[in-house]
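Okay, so chain A shows up in both of these, paired with chain B first and chain C after.
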Partner chain A sequence: MDHKRRTFLGIGLAGLGALAAAAVGWPLFRYLAPRSSREAAGKVVVPEGDIPEGGARFFEYAGSSAVLVRKRDGGLVALSAVCTHLGCIVQWQKESQDFLCPCHAGRFSTDGVVIAGPPPKPLAKIPFSVSGGNITVG
Partner chain B sequence: MRYREIIMANFMRLFSLIPLILIALLLTRPGLAQETAEIVCIQCHSGLPEIYSQPIRLWRGSIHAENDIACHDCHGGDPQDAANAMNPQRGFLGVPQEPDIPAFCGRCHVGVMRDYLASAHGLALGRGGPTCVTCHGNHQVLKATLELINEKSCSRCHSYERARTIRAAMQETEGLLVATETRLNDFKKIGSNTEKLEKELFSLRNSFHSLFHNVNLETVNKQAARIQLELKKIQAVLTEWDQAVQRRKIAGALAVSVMLLIALLAHLVRKTYD
Partner chain C sequence: MTLLKKIVDWIDLRIGVREIVRKELTGYLLPRNINAWYSMGSILLVAFALQVLSGILLLIYYVPDADKAFKSVSQIMNEVPFGWLIRMFHAVGSNMMVLALLLHMLSVLLMGSYKRPRELNWLTGFILFSLVQGISLTGYLLPWSQLSFWATTVATNSASAIPLIGPYLVEFLRGGVLVGPPTLGRFFALHVAVIPLLIAALIGAHLFLLKRTGVSTPPFGQPETPIPPPADSYRYEDHPGGIPFFPNYALEDLRSIALYLACFLAVLFFDPYLFFPKDAFIPANPFVTPAHIKPEWYFLANYQTLKLFPNELIGLSLQGAAMTFLALLPFIDRGRQRHPLKRPLFLACFIAGLLLWIGLGIWGHYS
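So, the complex of A and B:
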C-alpha cells in the first residue's frame, strides 16, 4: 500500500518538479534568446533622387524619427534624428550643413558628431545600401 | 583556542572598518562633491544683501538648478575664479536689456525663441510686449505647464478671454501628458527601462508647450490632436507593460503555489518511510 502511495506521490512530485523547472527555464530562455524585435523588421526605401545635394529627408524608422542626408561631396549618411540629450527631433540646417536640436541648441555635424551644446553622444548611425536608384535603410 | 581568538580579533577589526568605508563612499558621491564645491558666484552672492542674494535663493528652486544649469551658463563669466568671475573677457554677459532677453534665453531654447518671435507676444517685443521672464520668471524658472496661462498673469497686459479659450483647447492634451508622465515614472521606480519612452515624451511635451507661444486657436487644435495621437501610442506601450506586470504577478503566485504543493508532496513521501 505504502509502495503504491509512494509511487503516486513520486509521480506527482516529478510532474510538479518538471513544472517548476520549466517555470525557471522559460524566463531564462526568454532572457537569453535574441529579441524578436518588431523594430528590426522594417526597412525603408527612399528614391535616391528625393535627396538633393546638401539636403536631408526625414522619415520614420523602427518607430523613431530618422534622417538621410546627402552631403555636398555627394556622400550619403543615415542617422537617427532623435537628439541624444533629451530626445527632441533634430532639424537639418541647410545653410550651415549641420543638425540643430530646437530644445536645447545641441548641434551635430552631417555625420552626427556633437559639435555644440549638451548632447552626450553622437546621433546613432543607421545602416543602409544603395542599388537601382533606391536607398534601402535598415 | 588561540587561533580562534586571532580570527575573532581580525574579524572585529574588519567589522569596525565598515562605518569608515560607508562614510568614505558617502563623501565620494558625485552629488555631494558638487554641493561642497560650489561655484564662486554662489559663494560670493550668498553673503551679500538681499538684492544680490535673492537670485541664488530663487534659482535653487528652479528647473535650471534641478538640471545643473548654474549662473555662468546664462550670465557667462568664470565660475571658478572669483577675481575674474565677472570679467567680460571671460565671457561675462551680466543682465540683458529687456529687448535682448529672448535672444539671451534663446541661446539654449532656440525652438521656443523662434515660436515666441513669430507670435503676437514676440512681435510686440520692444513695444511693451512680454519677454520670456514676464511669464516664466527669471531665476525661479519652473518646468513649463499649462498653469502658466492663468487669469492673474495674462490680465496684467490684456483680457483673459482669448487665453482662456486657448487654455481650454490645450487642457485635454496637458492632462494626457501629465497622466503619461506619472505612469512612466511609476515604471521607472520599479526599474523598467523607460529611457526611450521618456525621450519621446519629452519631445512631445516640448512641441506641445511651444504652442503656448502660438495664439492661433486653429494651429493649437491641429497640433494638439497630433500630439494626442502620439501620446496614445506611448500609453499603448505602457498598457502592454501593465499587462506584462499582471502576468508576472499571476506567474509568481502560481510558482509559490507549486512550491507549496511540492513541499506538501515531499512531506507526504517522507511520511511513507516512517
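So, the complex of A and C:
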C-alpha cells in the first residue's frame, strides 16, 4: 500500500516537474529562437543602372546574402551568394566572369553552376522582375 | 537502475563520491531546533543564480550604447518573444533579492548568529550586502530611461560632499562632469562583470566560513543550557544527534525556496510594475529633469536622511557611521547571550533601528 502511495506521489511530482520545466523551457526557447528570415523577407529593389555590364551587386535578402549579375550579353541573374560547400560568401571575379569562393576555391559560373572545386550544388536562383528601370528581387 | 548504480560505482571508485555524500549531505547534521530562517541563505543563492541567468539572457539583446540602450530595452519588452518576461524577471528579481537579503540579515541579528566565533561570516555577509546595493545601483542606469539617468545623477552626486576629493570622485565615477555615455560604459562593466565576480567570490568565502565554523544553534526552542565559555582554540561546532541536511533540511530549504518563488512570481505576474514609476518608461533626456525623482525603495531611507540634513556631509557621515557600526557589530556587541528576549538593550535598538529605517523610507516615498 505504502509502495503504491510512493509511486503515485513520485509520478505526480515528476508530472509537476515536467510541467514546470515546460513552463520555463518554452518561453526560453522562444526568446532565444531566431526570428524567421522568411517572415522578414521583403522585396529588394535595385535600380538597373547600378549594375554595369559584366558587373555584380551584392545585397541582403531574406536574412542572407544574394547577388545580381549582369552578364556580358546583357542578361540578368539573381543568385544566393552563399557557397553550397561550407557557407562562405562567394566573390565575383570580373575578369574571368565567374564566382570564386575564397574558403576552398569553389568556382561557379555566372549562372551559378559549379565549374570547379568542392561545392556539391549550384548556387540557388532567386526570382526577380524588371520594370520601369528597377530590378525587383523576391 | 542497475545502469545508474554502475555509473555511480564507477565514479565512486575514482573520487569517492559516496563518502562526499555521507560527509556533506546525509551525515552533515544540523541542530534539532533549526528553523525556517536558516533557509534564507539557500533562497539567496537561488535568487542570485536566477539574476545571473536572466542577466545573461538580457545581454543577448541589450545594447550598452547611450543612443541605443533605451531602444534595445523597448525592443526586448515589445518585440522579442517573452522578452518582457525575462526583463521583468530580472528587474523584479533584483528587488526580491534585496528583500531576501535584508530578511537574512535581520534574522541573523535577532538570533545573535553574528557573534563570536562568526564575526567573519557577518563581515563577509555585510560586504555582500554592500555589493548587492552596488549591483542594483549600476543596473538601474542601464535602461537609459529618465528614471535611470536622474537617479544616477543624484546618487553619484552624493559623493561630492566628501571633502577635498568629492568633486573629482563624482567625475571619476561618472567618467565625465555629468552623467553621460561614459557613465553607461562604466556602470555596464561594473554591473555585468566586476560586481558579479566579486559577489561570487564573497559567496564562496561566506560558505567556506560557514563550513569551517559550523551552523549556529538557534537560541530558541531548546531546553536552557549554560552558555559555554569561549573556546581559546579552533573548534568546529558540530551537532551530534542533529537532523541530517539531506533529505530532511534540504526539503525545508526547497519549501522555503518554493515560497520565495511563489511571492516573486505573484509580483511578476500580478503587479510587474510595482517597482517602476512612470519615468522608467521615458527615454533619458539630459536637458529635462523630472519633477519627483526617487531612488529604489531600499535607498529611500538614505535619500530622506540626506534631505533632512541641509549639510550633505553631515547626512553622508551619519549614514557612513551607521553602516560602519553595523559592519563592526560583532566586535562591539560581545556579550555571549544570543536570545533576543534576554538582550533588552539590543532588542530595543533593533526595533527602534528597524522602525526608523521603515519610517524614513515611508517619509522619503511621500515627501
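Simple rule for what comes next: the second predicted complex is superposed on the first by the 97 of 138 C-alpha atoms of A that agree within 3 Å, B and C clash if a C-alpha of one lies under 4 Å from a C-alpha of the other, contacts with A are read in each partner's own complex, and residues count from 1 in each chain.
Just so we're on the same page, contacts are C-beta pairs under 8 Å (C-beta built on N, C-alpha and C of every residue); 3 or more make two chains touch, one makes a residue touch a chain.
Being a predicted model, the structure only gives us computed values, none of them experimental.
When the two complexes are overlaid on their common chain A, residue A:5 makes contact with chain B while staying clear of chain C. Using the contact criterion defined above for the overlaid structures, shared-chain residue A:89 touches chain B, although it does not reach chain C. By the touch criterion defined above, A:31 reaches chain C but does not reach chain B.
Within the superposed three-chain model, A:116 lies out of touch with both chain B and chain C [touch as defined at top].
Contact comparison for chain A: of chain B and chain C, B touches the greater number of residues.
On chain A, the surface touched by chain B in one complex and the surface touched by chain C in the other have no residue in common. Chain C makes touch with chain A in their complex at residues 57, 60, 80-83, 85-86. Those residues of chain A lying in contact with chain C across their complex are 27-28, 30-33. Note for the complex: chain B touches chain A at residues 107-112, 114, 196, 198-203, 206, 251, 254-255, 258-259, 261-262, 265-266, 268-269, 272.
Against chain B, in their complex, chain A makes its touches with residues 2, 5-6, 9-10, 12-13, 16-17, 19-20, 23, 64, 82, 86-89, 100-105, 117.
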